[in-house]
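What follows is a single structure, written as structure tokens, with notes after it.
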Amino acid sequence: MPALSPEELYLFDTTGFLLIRGAFTPAEVTEARAELTRLSPADSGFANTERFQDLPGASGLFARLALDPRLVGPVREVVNQPLRVLEGYGLRRGPDSVLYLHGGNSELLDLDGGRTVGRDMSITHTYHDGKLYCPYVKTLLYLSDITTPEDGSFCYIQGSHKANFPLLRPRAERGARASLIDEGFPTLSDVFVRAGDLLLLNEALMHGTRRKRTPGDRLLVAYGYGPTFLTDWRELDGETGDLRGAGYVDHDVEEDFVS
Amino acid sequence: MPALSPEELYLFDTTGFLLIRGAFTPAEVTEARAELTRLSPADSGFANTERFQDLPGASGLFARLALDPRLVGPVREVVNQPLRVLEGYGLRRGPDSVLYLHGGNSELLDLDGGRTVGRDMSITHTYHDGKLYCPYVKTLLYLSDITTPEDGSFCYIQGSHKANFPLLRPRAERGARASLIDEGFPTLSDVFVRAGDLLLLNEALMHGTRRKRTPGDRLLVAYGYGPTFLTDWRELDGETGDLRGAGYVDHDVEEDFVS
Amino acid sequence: MPALSPEELYLFDTTGFLLIRGAFTPAEVTEARAELTRLSPADSGFANTERFQDLPGASGLFARLALDPRLVGPVREVVNQPLRVLEGYGLRRGPDSVLYLHGGNSELLDLDGGRTVGRDMSITHTYHDGKLYCPYVKTLLYLSDITTPEDGSFCYIQGSHKANFPLLRPRAERGARASLIDEGFPTLSDVFVRAGDLLLLNEALMHGTRRKRTPGDRLLVAYGYGPTFLTDWRELDGETGDLRGAGYVDHDVEEDFVS
Amino acid sequence: MPALSPEELYLFDTTGFLLIRGAFTPAEVTEARAELTRLSPADSGFANTERFQDLPGASGLFARLALDPRLVGPVREVVNQPLRVLEGYGLRRGPDSVLYLHGGNSELLDLDGGRTVGRDMSITHTYHDGKLYCPYVKTLLYLSDITTPEDGSFCYIQGSHKANFPLLRPRAERGARASLIDEGFPTLSDVFVRAGDLLLLNEALMHGTRRKRTPGDRLLVAYGYGPTFLTDWRELDGETGDLRGAGYVDHDVEEDFVS
């Protein structure tokens, strides 16, 4: 039996994500929270944000979770390639943390030599004969309730996973320096969740989170999946001189433009 | 100045390959042949075919060649992503060797669990705003003259790099067991080359070589290039149990069906 | 100067429509309402709905309106082909009227001979080199305020203009017989307008209107535009025996399934 | 039973045309030639070329031929929309006649107001779920043998029906003023036929005919087919002032550039 119903697949295709409510039980949420407490977070580089690196390597529980059918089942339906886990991490965020918008199907990427391109092939998805082919898909397992924008809710630009035009750099070139997270955009929308909910995400969707204003933590565990020919997630500033460096080079993200 | 003229780019786009005649001098060809002679070939697994593995690792000359602007310049014009070298190898073939057809934009790939898909995302290319995005591109530097089909010429199915339908498995299901290399196909075409010629190849093109019947060797050096987020080329039979295995899983190739 | 800003074009591309607020003045709205009063409506075939046919032929005012730059300017930016007016009509709706969902990028269409296809080429749009190509675009000029669902608001399924899967027939085959207008759908959304607002619509968007429950009329004037090689809008049940019949054959719409 | 085998469909998809040899008998060829002799040709506007207009209207034989399953069967497999006949004509060409290249998936089209676009939607085709959607397809029934280029053979640019780049205008801008028919192009190819052969053609293919040098006539009957919402074929110079003019506006063709 397919892991996604026809209407769930329709929703994922048309919106770029799918919220699966109550995928994990309260007991499982408690267990995952406790396991994270045993691990040592790294500095994420973002304000008031701790990042737990390489969860599958750091914890047997999280290694098993990466293979849990509740995650891998839906992922298979939208990747449709021989599969591998590209990354697994946890994020604990406190008040005043924020995650600016990133992703988007046609945002610009600078190549060596000054050329600019409107495709990042690591997220360029397609469709053929009844199947989606999304090369980078994440599952976000929420371990906190996030029920208002002030809780730092997941937000996204509608339809940006299939956008034909770039949004961020042209906006910056017209002088905009604020994040759409704060400034708003006609199609910026929020997703509110409860602990135990699972968000299946096409990384081509332009998304981020609202600025968290409430006390308490905002905790989640995330896994990235893709075809077996993709390398583990690792940030790469650009090509290396010997053309042997492997990793992911960012296309435009709001961080580059927001002051 | 772009490495490819508008008409060269048109030809690569519409046919899936581009032959650049006389890219390397006779002296360079002689030097490359001599360098290969110093290296130890491995058994390729194909009849009368020696394979020289990991050329960039095995030889300074071939490490530099991987970065030669005559290779990398054209490659950049058709990959248009931050770039890396995915593989570099040599092939020396003798009489009676053959390379059956492989590639093709819509050939079938078996997934774990019995599902079949018509896309191999490692070769799925697209176009956007004046630029091609080919994730797997090869440069073949010929070190022998190959001027007749009997010399084991490169051959390909016209337009197969953009085919919407699969060819091989449906053909096998109708009972065909011979290679199109031998049996022919209305759009199977040959490319004849001289030593020093360079072939720029979109791996989505269905291609192979004719059965070599003439004496002497057929020698070439090949490099594969792709975006930085692709892993080094390595054959993978399928997913590993921990979903951490990395590599390339074959879609249908003629070898699977030919007896 | 382009008729649409980059962000308006981004919104139209990603959502399938664009609301241009206050495009027409109250005086122009009054004039258009008065002009419709002078014309004789036809029975629309829908409950409590009058349809004013062939507005450009029936009225000099509406013939000029079809060419008004406030309509044609935005339309040109999203059709990008030599242009023609395909239809122009008015709709006056009273209480209990409704317009079920229709459109959608991949809904099914029955061909003669029993074949089914997932494309209606009259609405199949594409993008190339910075420009959209939407073959059927409508402008809806509202002559009434519609500020609640009970006023019979325009509603649509998010992202349906680029959907890869069909929604309606599979739903009916699973037994659904109610309209999503009444039953709801996670991504069914409303657009509220004031008289004088203009809605630019990609006909590939699945859209309809809510069931009107409030008193008063709901009046609008609509024009359809497309490339010059499209025929005037006219419903065609199917092919004619001589293959000379011209017109538009419906793909699946909710009316076919709702009881 | 489908009118095209899987391999015929593969060939049509990958090359943009399909030659069906011996589709009509010598007796049928003789009958069609005789029927044309009874009709009055018009001046085609091309040298040594007579054009027989509106064959379905002018002759019962040719009205029936437009509906012949040997034509309509294959056409249905590649249009996949409710169908109509868009045109039917005969062409008799004598020595020194020529038909320069036209068609091509991405050639440029001038819009009113000075904008240029790279799509002519009347020939923009797509694929979805196992089916091709070609909006303009022709069947050419040959009534003469054309076995050498000097007979004025049909010729085409390989892969041009799916080209992402334009060829003709950039070439003209670089100073080229000769036809590729005469000057050659690496992928310009010929199709040789016998009377009774049928050519199924995707109008997005860039095609023309060689310069006829041999004596005798070169006679064929052609029908154009497309979806029911397309208007009869008629040349339109551009939009009409009232935006009601219907017809087909040319994108770049070689005639515009060749001197």
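Every chain is named by a letter (A, B, C and D) in the order it is written, and numbering of its residues begins at 1.
In this text, a contact is a pair of C-beta atoms (placed from the backbone, for glycine too) under 8 Å apart; a residue touches a chain by one contact, two chains touch by 3 or more.
Being a predicted model, the structure only gives us computed values, none of them experimental.
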Which of A-D and B-D has more C-beta pairs touching across its chains: B-D
Interface numbering overlap (same over half, different under half) for chain A and chain C: same
Chain located farthest away, centre of chain C as origin (C-alpha): B
Between chain D and chain B, distance of the C-alpha-averaged centres to the nearest whole Å: 35
Distance between the centres, which are taken as Cα means, of chain D and chain A, whole angstrom: 49
Numbers and ranges of chain C residues touching at least 2 other chains: 129-130
Graph class of chain-chain contacts, one of line, ring, star, complete, other: complete
Residue numbers on chain C that touch chain B, as the complex places them: 129-130
Footprint of chain A on chain C - complex, ascending: 6-7, 9-11, 13-16, 127, 130, 132, 157-160, 162-165, 167, 170-171, 174, 186-187
Chain A residues within the chain B interface of the complex: 56, 63, 66-67, 72, 76, 80-85, 106, 109, 111-113, 115, 117-122, 124, 126, 128-129, 131, 133, 135, 225, 227-232, 236, 238-240, 242-249
